Structures are given as structure tokens and as C-alpha cells.
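Two complexes, one shared chain (subunit A), two partners (subunit B, subunit C).
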Partner chain A sequence: MRKFGILVVVFLTAATILPAKKLTGYEIMKTALNKGGWKTMSASVEMILTNASGKMRRRIIQMYTRKRTENESDMLMRFVYPADVKGTGFLLIERENADDLRYLYLPALRRIKRIASSGKGGNFMSSDFTYYDIGKPKLDDWKYKLLGTETVGGKACYKIECLPASEKIKEETGYGKIIRWIRKDIFLTVKSVYYDKGLAKWKILTVPDYSQIGGVWFQTDMVLRDIQNNHTSEMIFSDIKINNIIPSKFFTKRFLQRGVK
Partner chain B sequence: MKKFTDWVVSNPLTTIIFIVILTLFFGYSIKNIKVDPDITSSLPKHIPAKKLYDKMNKIFPSRDFVLIAYETDSLFTPETLQDIFNITRHIEQIPSVYSVMSPTNIKVIKGSEEGIEVKEILSQPPKTTADVEKYRFTLFHSDLPTENIISKDNRMAGIMVFLKNNIKPEDAAKEILDYVNGNKFNGKIYVTGKPVLTLYLGRGMARDMGILFPLVLILIIVILWLSFKNLRGVLLPLSVVLISVTWTIGIMALTGTPISHSTNMLPILLASIAVADGIHILNHYHGEAKNYPNSKELIRNVMYELNGPVIITSVTTAAGFLALNTSQIGSVGDLGIFTSIGVIAAMFFSLSFIPASLALMKIPRKLRVSNKTGLLTKAVNVYADFLIKHYRLMFGIIILIILFSIAGFPKIVLENNTINNFPEDHPGRIAYEEINKKFGGTTFLSVMFEGDSANYIKQPKVLREMDKLETFLKSRKNVGSALSLADYIKRINKVLHAENPAYNVVPADTVEETGTDWVLENGKWVEKEIKFKVPGEQVISQYLQLYEMSGKPDDLANLVDYDYQNARITAFIDDESSETLTRLDQETRDYIKKYLRETKVELTGTSELFLAINNLVVEGQFLSIIVSLILVSIITSILFKSIKLGLYNTIPLFFAMIFNFGYMGWVGIDLNIVTMLTSSIAIGVGVDYAVHYIYRHRLELKQGDQKTAVKNTLRIAGVPIIINAVTVGLGFMILTFSTFLGVRHMGLLIAIAMFTSCFGAIAILPVFFLNLNPKILKIKNGEK
Partner chain C sequence: MKKLLIFVVLFFLAGATTKTNAQDFSFGGYVKFFAHPNLNSPYRLDKLGTRLQLKAQGSASEAVDFFTAIDFNNDLADSLNPGKMRIYPVESYIDLFLVDWLDIRIGNQFIFWGTTNWINPTDNINPWDYVNISAEVEDYRVPVTAAKFDFYPSDSFTLEFVWLPVFQANKIPIELPDRMGPLAVNLNSPELPETKLANSQFAFRLSSSLPWFDYSLSYFHGYDKNFSLYSETMFGQNPQIFFTPKYEKIDIFGADFVTTFDKFALQGEGAFFKTTDKDGKNIFVENNHLKYVLGADYYFSDKVTLNLQFIQNIRFNYDKTTEEKARTQNGMPPDTAPDKTEQSASAMLKINSGDFFTVQIISVVNLKDKDFFLLPILNYNLADAVNLYCGATIFSGKESSPFGRNKKYSRFFLELKYGF
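The block that comes next holds the complex of A and B.
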């Protein structure tokens, strides 16, 4: 798995599942990615992109997402800010055995345009997050090794090395290795370091803020910094609601264009 | 001065130890010396062109690029494309590389019935001929800027490598060169671009340093041996040379002054100059040896007599070099300052180290005086007789030479491009010329569009003017290609409208569109075609968003800044000559003035830097000649206690200058950042001959008329003047073995200037005095 996606990652409280025996890397990740947390979620997302010279792009998006199957999720996003793209909608349908479907609705043209898939390693809305990063985490894409225990921000964390389970995953994601720090008590990733295919340090994820919503822990502020290109993407979540009823029609092209009408 | 000499002669060991310790210190400092071969980095920061250039480099992430060309008879074959694909992939991985644009990775914006696709043209190399054909079609039918990636004759593929701004471009160039040279490819590879030329410049400089400096030392050793035929005669002046060069480079290292294309010549210049005083002193020491009982007495008296001349000649020389500081070009000023320091240091060692050393030695039993002098003296006598007899004829000849030289002035070409500095068979020049002949070009002109707030660039009126100007630039001779954000907007507009060429434009201020909308009809939602109007700016914003959705964060970073406040057009130029750059600059400025209404733009880029250097060269040339003449006149006026006499000293210099520029014009040597150094150096060094001549002439005039004075002066002062001119001139001639044409020319020009200012002293001055018989030459009572 990779990053957890959108906020994503979750777990039940430690108490429910923690076995007494020593956990393996795989077990820790499995717990961390435990699917039980939520089926649907909506939130307001502020995305701040900062380039090497400190210039920023800021966007605010209303987001709806659902887990459709074990390894697939759908996502509908509508731009609220800035004004010149307000009303723009983006629909992402993850497909396990085919390219994802990505549609953009442009109000200026009143048309939906399909965006050809740039692969899972493609950048999500030209941020440092990739589609893979924000998609539904897939436990078996990676092989895990527990490296030990370290403290991050004063909290004890498992340090886990994730290596791509196959060449294909490596090619697709662009990651040759990921090191994650997962809080022992709540099984939430609070830091990750991503390495490129040549195993050079590439991106660092930090999680300045997280909170428990409806019994599920969410990373509510994620900062992903590309140290090779000196570019930073921050996603701040607010107004998170889980397991609210989001109708299936939300995740259709028709709804993308029509909106709430 | 006497006190100084006395102290040195009485404390020789202290003097020597003091100098040696300091020399070790400076020598050790040299390890920190920086090297900066880039000619444009010596532009002063406050020059508008440089300011703009620096500003642009803050806004856009990549400034320098390297162009790799792959030449083959069969470009569109799976094998070749595989090669190019591999090279592109490899170069992309180099950390100092910002981005790569090649025929195998260029991003194509493609449309389909229902959408748009932005992706690299190849995800893997084509395997079959059919794949290749498909690829080829896409490459040429997607509105791509192929001018710099496919050559005009379709025999070369170009890989444009954009470098990051925070690295040393020449290091990246080295990494790229090492890679392409270290691997076997089916085609022939050429590599060029400013970073590559800067790298070659640096290598040539290192080679020059490694070869020319030893050469000049060998030359000095030979001359010293011929002159003195003993070890001390060789070692003492040679030590002065080595110590003063060590100090000077050490001080450069300590002050953080880099070895540049100008200061690279310093050791050779300094060596040629620094040896002269030592020769004088030892000559005199040998000549007077008989008259003194021991070495200490001997050297003391020799120095009493020579302190003055050594100081005068050194100070005038230093003044000439200091005048180079009137140039605003940093590296030229550096050369001026540090050579001055070196000359004064050499003076100091000649006045201390040499007497101190000699004080410790015994007078050699056998002192030989070069018998060459005898021959030379005879020749000079013959010449003197001729001159006195035919001085009117000589006067005529001189006037003719001057007129002929002046006629050459208009032919002087001002040219500062880096490439002309390389010999024609240099691999760097061959690659440069080959690539610039076949591709869009490697010199660039940037037009910056500056907005007052974010999103300024997204306005249709701004993009339209950008597009207009870009189209204009592309229509100019020598502009091979151009890139701007407007190209992307036009392409997206076209792709989203079914590749309809009518949409290959920047959207209007208000766009009329057809789209669909959902309407409630009889209780059912149906999709209906509708017509509507929408602001062009919104359309453009959403096009950009569409592009961003499939792109990387920095995809457009070289065209527009992150918040769409500033953008640039980059036009590639296939010729670096001042003529072309001046013309393009003028045409572009005229066009902007006439046709751009909405936008504020500024010109920058390497082309503007070269032009700025040109202007500084002209300006600096003028000023440095005047300042060096003034400085030298002041010094000689003080020396002769007469402004008029002081000015007489400049007569041979004027002649040397006029001849110098005439020669440049007639022979076709460009005036540039290197050859501009010639005049001031020649003035500073060449004035010595006039000083020697006039000094002696006045002494001789006490005893006879002008004719006798001329004859005697030529006999006594003429020979040392000629020997000195030949020695120093030969030293400078070493520069003609340089890798670089500019340095070769400069070496030749200064050597010629040595000979012409020598000629000025021993021909023009006598002819002038014989013709005019100026009274001021007479030494008044009371004058020493």
C-alpha cells in the first residue's frame, strides 16, 4: 500500500485486534489498512501546492468517495475555489484490471472530457500525490518488513519497510521503496519516506494533524514534499463525514455534469 | 629608497626568510582558487540585461540547456529510436538535469472524440516498421515544436537537456559528455550548448595554464641563460617571476576572485613583465662588478641607481593594467587589479629579494657580458646614421603607416561570441556549427511578459499578444524555433474542437460555445445541445486545468510561473554573431513598440547578454585607453617635472595604438572581451621605452645638437630598449600557443604593440625631435 490515500487509512482501535504476540510488518500494515473503517466519506479538501520558488496554487474541493469493491474506489470532486475553475468536476473511477476512468467536466465548455490515464503513477491534479497515492490502498502490492520501533513526534511508531511486490508495481508507482512510520497505539501512518526506482530519496510525507471521526482515525493534514524537485503539496481535510449515504449516482458522468439538479 | 636598500642588504637572511614564508602561505592558499570560465558571469549585476536575466532565472527553473544531436542515415528505424529512447531515459536520471525534450519523450496533446490526452509520445521504443510509421506521423502532425528535436534534413535527432538553475552548468555538461562519449551508439553524436562551451573553455584554460606557463618559464630561462650564462642570472629573476605569480594567485584565492577567461592569462603576462627588472639589475650588477670590492657594496650601489627606473617602469605598467578597471566587465577588472598587484609585487621582490640574495653571494669570478650586444650595437649604429640622414623620408613613411592604419579602423568587427574563440577544428566548435546549421538554434532570446498579479497571463489579450510576438519572432531570419504558453493553449483549443484548424488560436475575450446541458422535460432529465457565451479567460483557465490534470506539477514551469503571473517566449537563434543578435534585438524591440498594446515585456536571454558584453567592450575599450594614457602621462609628467615632456612619452603609444587597431581591421581580428585588453597593457608596458629614450636623449642633448643626441641615445639606450621589447614581446607571443583564438590574437597584438612602441621610441621620437627640435628637451640649470 502506499500511502494511504486520502486520508484514508484507518483502523480500528488497537484494542479490538491487537494480538499479544509480536506483529509482523504485514500484520501491522493489514491492521493499518483494515477495511472495516468506512464505506463512504465526504469532506472539504484544501490543496496547497508550493513550488521551488515559494509560489503557491491553492484549491478547495468538495469531495465524495466510496469504496466500491475490495480494491476499487470511486471519487467525485467539485472545485469550489479558485473562481475561474469553480464548478469544474472531476470523476475518478478506479478499476483494478484496467486503466482508471478519469473525467473532467469543464463548465466553460459545458462538456465532459475524458482524461486519458497517465497510469497510477501519474500526478493527481498536478500535485505531488499520485493517483496511486490517493487511490484505495492495496495491501498485496507490497512486501513488508518490520525494521523496528522509532519515535515520531513523541509517539512510538512501528518502522516498516515496504518493497514493491513485483516489477510491475515498481514501474507503475515509480516507487522502489517506502518506509513508513505507523503509530503503535492507533495504527495510523504519521510519516513516510518514498524512494524512486533508483532508490534515491524522493518524497517525504508528514502528517501534521489527524483526528478521530466516527471512531476512525484520519490524517486531516498531509504534507508531501518532493525533495528532488523541491515541490510541496499539502492536503487539509475538514468537515469529514463518514458512512453518510452517498447515492451511487454521484459517481456517474451524468451526475458529474448535471450536478445536484 | 636608499634606506630600504641599505636595510635589505644588511639583513639579507631576514628579507629572504620573510618573503619565503609569505610565499609558502600564498602558495598554500592557491588550493582554494575558484575557476569560472563562463564569460557571461563577469557581467556586472547592475547592467539591465544581467538584472533581467537573473530575475528571469528566479522565475523559471531552468536557464541553461545542452543540445545532443544524434546523426544517422536512418533516423526512423527501430534501432535508432531505441538508441535515442535509451539516451533520453538515461539523461533524465541525471540529478542536475531539470527536464529533457527529445523526439522520444516529447509530450503530445492528443484529442479523441470524448477527451484529451497529454502524454509522452513513446512509452516504449517502436518495435516494427509500422510502429515507426505511426510514431512518425504523430511526431509531425501534432503541432509539436520539432525544430530543435528533428533536424531540417531529417538526419539528426536533437535531445534538449534543460539543466537545473542551482547547479554548475559545466559540471552537468561534463556528465552528459562523459555519458555519450563512454557509450557506443549506432549514430554519430554531437553535443553543444552554452554549458558545453563553458566546459570546453575551462578545459582549454586548464590546458593553457598547464602548457603556456611552463613554456613562458622555459623561454625566460633561455633568455636569462643567453644573457648571463650563469646560474644566479637565471635563478634570481626566475624566482621573482615565480614568487610574484604565487603571491598574486594566492591573493586571488584569498579574495575569492576566480580564474576566468581573462585572469587565466595573468601568469603569462606577469611572468613576461616581472622578469624585466631582474634582467636590468643583474645586467648592471655584472657591468659594475669590477668597480666594487665586495658583493654587498656592489649591489648597494647598483640598487641606488636602479631603484628609480625599476619603480617608474613598474608603476607605469601597473597603471596601464589598473586602467582595465574602467571596464564594467568583472573579469577584465580582475585581470587589471591582480596584474597590477603582481607587477608591484614583482617590483618589490626585484628591489628586495634580488639584492638580498646577491648580498649573500660572492661576485662571480668570471663575468661574461653577452657578445650579442656588440652585434646589436653595430646594427643600431647603422640604423642611427640612416635615420639622421633620411629623417624626412622616415617622417613620410611613419605618416603613411599611420594613415594606412587609420584606414583599417572601420573594418574592425566587434564580436564576442564564445564560439569564435574556438579554433575551427575544435570538437566543440564543430558540434556547435553542425547543430546550429541543422536545428532551430542554441542561443536564445527570451521575451518576458510580466503581470501585476496572479493569473495575469491567463487573459486572452495577453496570450494573443504573446502569440503575435512569437509568430513574428519565428518569421525572423536566424530564429529557428520558439516556445511559449500560447502554443499550448492553441493546441488544446484545437484538440478540444476536433482538430479543427480554425481553433488553432488563443480563445477570444468572449467565446461562443456549444455544449450540452441537462434539462427537465416532462419530468425527465434529458441532455440537450445548447449555445452559450463564456469569458475567454475562463476557457483558458479550464484548458490549463485540463492540462494540469494530466501533467506533472512543473510541466509548464519553463514557460509560465506557478501562479500565472509571468511568462516568457523563448526564441532559439542559430547564430551567435553580434550582427545577427543586434539585428534581432532591434527588430524585436521595434515590433514590440509598434504592436504590443496590452502587455509589458522585456527582452533577455543569452543573446541579450552577449550584446551587453559587446556594449561594455566598446565602452570599456575607449575608457581604458584614455584612462591608461592619462595615468601614464601623469606619472611621466611627474618624472620629467613637465606636462609637455610627459605627453611626449605618449607619442610612441599613440602610434602603437593606431597601428594595433589598424592591424586588427586589416587582418580581421575581432575586437572582443580578450583583445580589448591589449591597448591598456601595451600602454603600461610600452611607455617604458619612451621614458628610457627621452631620459637619455635629454642627457645627450647637453653635450651636442639633436643629431648627435639621437645618435648617442640610440647607441646607449636603443640596445636595452630593443632587448627588452624582444624579451617581453616573445613572452607575450607564448600566448599565441593558446587553445583560444582570442588569446592567440591578444598575444600577437601585445607582442606587436611591444615592437611598435619600441619603434615609436627609437624611430618616431628621434624623427619628431629632429624635425621640430623642441626647446623643452633642453635640461635647465638646476634640473638633475
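The block that comes next holds the complex of A and C.
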């Protein structure tokens, strides 16, 4: 099974100044994906879910993540708001040659439950983001084509078409096509449009805010609108720390239940 | 009582509003309204009232955490204390993280073991409150006073040791007829193990996460939380039979595993119960037996999960005909003798609909008598941390069957809960 990447880096990455030659779609994506200059990261994530009738739900999650190997990451998350889900924890351990391990800690039941992987296309914490969306996609999962340049939010962007490299990727992600707009100056994805397997427009990602932390560009506010179900998820990152010391033991069932101090 | 109540509330309020010496302190809890009408005529209210739970937790230092949750329960339908506020700790414990390879928790706590759903042969530390089944674990499981030591020799192995100085029994109603034939029936007080160090209970569990599956091996030494109902018949002018609930020693050897592949999670859990009736001749005590559960979760999607399980209980050194004869000789109804093997099945379906609705249906059916227990729960999230729960605990089946004889406890429940 393909490995799950690290939160946030998905759509984003570091700024790089490239030689002034005409880049291909593949080269642009390679630059964008390979500039995550960090090994560990912790952040507070506010998630706002809005349904078709405008009703909103707010969640705040404390998350810790690390790159264990080139293609394997670990992630530990814990809900801190609202009170009825506070303490709920989620541990994800990526494995390159096997299904990822997923553990859920439910404080109401005082139990850790090993849960099946619902696939990369599964929804992340009941949001419109999938596990694939929030992970770092592997470059070779997709075939790229540079469609041209367009301006998004007043910034010049490359417009890239991404098509699944195989039927497996298409099935796993649920996406038949993704169009990405990547800022030319910092190689950060600032907009994406996702199409379903039948190539109907499905979700639109916008990035109202991003910032540079420790030399790495992060999308600190992402809004994903599911236009088929008229549902929106917003993820706002704060208190981002990179390359801070997060011991490997944190990414175990012990700390899933106990919490990280 | 009033002074105690004021003190406790002031303590929590003080904690919420003032700075303490603790490095970290948080305060929370919930308020809940509940109504549980019985589903049998005349549909009396089994429970009706409100509850305030106050929780406080924090760190006194890097090495010391504490947690306490106290319930203030006002149940107008409580037949023992109608309309009286009951104040009791749900959990109160201290965590010690003195060295890197050891976590210690001391106090009133929940310790649940096992990997299967709802029925866990290795889950033998916290008693059940069988007449209080509802949406919340805290209502139907009883916290125990214990010291728990978790050793971590590596990131993938854990050795747990639990010491339980005091025995606490399952809460099971004992209901007997006034007469059994010519015999007047009397029920004596339960004989509980004396509270002394020599009667301490303890348990071990070794658990590990291997690349392909998680497993654990466990052992419990203590007392059976279900009573053995001894009878003694006295003949004479007024023949009588006396029943005495007693709690027998027991050793339980358990194991469990869980593994996942694709959209499946497979779980298995079993335990051998070594009772005091080694040769199966004591009709009052459960024979040695093996109970196991095999099950699977299937994740249709992130919103729909189905769990199916098969449960079997096998008694050793047991012959039903002999048991029935022995029961008759002791003035007990022979039809209470169980089968040598018993099979059950359970199912749990969970559906999350949108951001606001969750439906969960849990059922257990005994395959021989087709008696069953059904627990449907509908949860509607009214706002952040505000939930409406409604559902029912339904027991059904022949009067002589395990679930059938609990029909009178079938009830509907409606709860409105706000967490803070």
C-alpha cells in the first residue's frame, strides 16, 4: 500500500528559485512536492465543517507528525474541542509494504481500537478532506501536464493537470483528475479542483492564508468545498512548529491513550 | 450533605477560576437530563432526573497528573432515594510517570481489556451494573479502586499489572419466588469476600503490536463477580429453602488479537475460567469453562461500519442430565441448568449521517432459545458539545432464557447532554 504522507505538506511546499527555463508539469510538481524541509511538525488545527443548510461544527485538534522514513510517516492527533469529543485520539502509522496502521482512542469507552484502513479516499475526521488530500502524494501516482499560467489571488501560478497514473490510484483516491494552481514564485499549491472518477467536478480547494515557518511554506488556512454535496471543510493551522524534538515513543498506543504533555 | 455539596462545587469553581500551583489544570464536565420510561405496562419511569458531572484534571509536575470526575445525580424515580441528590466519584486517580519505562495509576478507575466488541471474555476487572445499561459506559460499568502499573520494556511491548485490594461484585438483581412448591423461599444476605490484604485480587496482561497483528495474553486472579447461589433446604413443620449468594474464587487465563486488512478488522478474544468447581460436582458453582468471541468489523465507508461476532461458551466436566437431577434434589428448578455449550451471535451497525446524526444498533442473540438483547441508539448533535440521545434497551425471549427473564428491564431512554 502506498504510504500516507504528512499533514499539510500535501498541497504545498518550499519556495525555490528555479532556472529560467520552461518547466514541464512533472518538474513543477516535483519541485513543489520535494521541498518539505522538515522531519517533525506539531500544530493546532481548527476544523470548521459547514453543511448544506449552513449549520457549522467546530473541532480543534492537536497534532504531531514525523517523517519516519522517506516514504513513511507517523501522526498522532488528539481532539481538544468540543467537550464531547475532547480526548479522542487517532494514531496513524504508515507502512510502505502493508496497510497503514490506524488506532482510535475513545475516552468514553476507555479503549484503543485498531481500525481498518478505509483507503486513501476515506474522509479525514469526518471532513471533506481525505487521508490522501492531507498526505504527501507520491509524485509518480499522477501524470502531469502543464496547461499554462493563470493568476490566482493576484499571484502568477502554473496550472497543472494531474491524471491518475493507474486505475489503482484512481480507485484509492476517488479522483479521476485534479487541476492544481501552483504559485510560480514559491511553488505552493494555492488552489485545486478535484474531479470524481466520472470526471464530474467534485471539490474545490482554496487557500486563503499561508506562511513561511522555518524556511518552509505552509498552507495555514485551507477551505475545501464539496460542490456535489454542498458541504465545506476549513482547516486552520496555528502554533506550527517544525523540527522540534518529538520522541519516537510518542507515536505509540501508550501516548495515544495517555496524551502528550 | 448540603455542606459537602457546597464544598465540592466551590472546589471545582475555585479550580476553574484561580491559578494553582499545578503546571496545568483544566476543568470540565457535563450536564444531562435523562428520562427512562419502562417499556412494560404500566410504563413507569425507571429513571427521571438530571446529572451534573464535574471533572478536574491537571499536572502537579512533569511526573504527576491527577484526574477526578464526580457525579451529582438527582433521580426522581430512584426507589431507594427518591428525589435525593447522590454524590459519588466516577473516577479519581493519580498518575505517576516516575521513570521512562513505567506509568502508574492509583485510585478509582476503569480498566477495560479486550479487542472484541461489547462481549469481552478478558474484561474482568470492572464490574457491570446489569440493570443500568444505557448509552454511557460510566453508567453500566463500576469503577474499581486499583493500582495499575504499566511497564514498557520497548515501544512494542507492554506489561500491565493491576492490584485490586477490594472485591466489587457485578450488580445483578436477585429475584426469587415466594414459594418453590411446598418450600417457603428465603434470601440471605450476600457473602462477600472479607476486605483484607489476603483477599486481594490481581491481574497481568502482556500486550504487543507486531507488524501484522496486535495480541495480548492476560491472567486474572480473584473472585467471580457473578454470585453462586447456594441453597439449603430445611424440612419440618414449615419447610423452607434458603438461598445465599456467595462469590467464589476464580482464575482467568485470556488472550486476544486484532488484525486489519483492506476494509476489515478481525478480532478474537477468549478466556479459560478456572473455577472452584474443578470436577464439576458442585451444582452451585459454575464449572470450568472456555468462552471465546470471534468477530469482524467491515468498514463500508467512513460513515458505515458493521461488526458481526460469534460467541461460544463451553463447560468442562459437565453433564446436563446429571446437573438437572442434582438441582432437583436440592429443591431447585431443573430447567435452570444450562447447556454444556452455548452459542450466541452479536451485531453492531454504526451509521454516521452527515455531521449531526449517528445511529448505532447493537444486538446479541442466544442461538438456542433465540432470546435477544437489542440496544438501538440515535444521537443527534444539536450544537458543539450538545447531544440528544434516544434509544432503548430491549430484552426479549422465553421467560426461562437469559435475556427473556430480563424483559421487565426493557426501557426507552431519552437524554440531553451538554459538555463543557
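By our rule, the second predicted complex is superposed on the first by the 240 of 261 C-alpha atoms of A that agree within 3 Å, B and C clash if a C-alpha of one lies under 4 Å from a C-alpha of the other, contacts with A are read in each partner's own complex, and residues count from 1 in each chain.
Note that in this section a residue touches a chain if its C-beta (ideal position, glycine included) is under 8 Å from a C-beta of that chain, and two chains touch if they have at least 3 such contacts.
No experiment lies behind these values; they were computed from the predicted model shown.
**Q** Should the pairing of subunit B and subunit C on subunit A count as a clash or a fit in the superposition?
**A** clash
**Q** With the two structures laid over each other on chain A, which partner does A:K249 touch: subunit B (first), subunit C (second), both, or neither?
**A** Touch status of A:K249: second partner only.
**Q** So in the superposed three-chain picture, is A:V190 touching just subunit B, just subunit C, both, or none of them (first/second/both/neither)?
**A** Neither partner.
**Q** Contacts for A:R57 in the overlay, against subunit B (first) and subunit C (second): which applies, first, second, both or neither?
**A** both
**Q** Name the contact category of A:R95: first (subunit B only), second (subunit C only), both, or neither.
**A** Only subunit C is touched by A:R95; subunit B is not.
**Q** Is A:L146 touching the first partner subunit B, the second partner subunit C, both, or neither of them?
**A** The answer is neither, since A:L146 touches no partner chain.
**Q** Per the contact definition in the header, classify A:P107: touching subunit B only (first), subunit C only (second), both, or neither.
**A** Only subunit B is touched by A:P107; subunit C is not.
**Q** One more residue to check, A:C162. First (subunit B), second (subunit C), both or neither?
**A** A:C162 sits against neither subunit B nor subunit C.
**Q** Choose the clashing stretch of subunit B with respect to subunit C from the list 330-338, 456-464 or 762-770.
**A** 456-464
**Q** Same subunit A residues contacting subunit B and subunit C, which ones?
**A** Residues 49, 51, 55, 57, 82, 84, 102, 108-111, 113-116, 118, 122-123, 126, 254, 258, 261, which sit in both footprints.
**Q** State the interface residues of subunit A toward subunit B in the complex, per the touch definition above.
**A** Spelled out, the residues of subunit A in touch with subunit B are 49, 51-53, 55-57, 82, 84-85, 88, 90, 102-104, 106-116, 118, 122-123, 125-128, 198, 200, 226, 228-229, 231, 233, 254, 257-258, 261.
**Q** Please output the residues of subunit B touching subunit A within their complex, sorted ascending.
**A** Touching subunit A: residues 58-59, 61, 93, 95, 110, 112, 114-119, 455, 458, 496, 511, 513, 515-518, 520, 525, 527, 530, 532, 534, 537-539, 541-542, 545-546, 548-555, 557, 561-563 of subunit B.
**Q** For the complex, which residues does subunit C have touching subunit A?
**A** Going through subunit C, the ones touching subunit A are 24, 28, 30, 59, 62, 95, 103, 110-112, 115, 136-137, 150, 152, 155-156, 158, 209, 211-212, 214, 258-265, 297-299, 301-303, 352, 354-356, 381, 384-387, 417, 419-420.
**Q** Report the residues of subunit A in contact with subunit C in the complex, numbered from low to high.
**A** Contact set of subunit A toward subunit C: 49, 51, 55, 57-58, 81-84, 86, 95, 98-99, 101-102, 108-111, 113-119, 122-123, 126, 248-249, 252-254, 258, 261.
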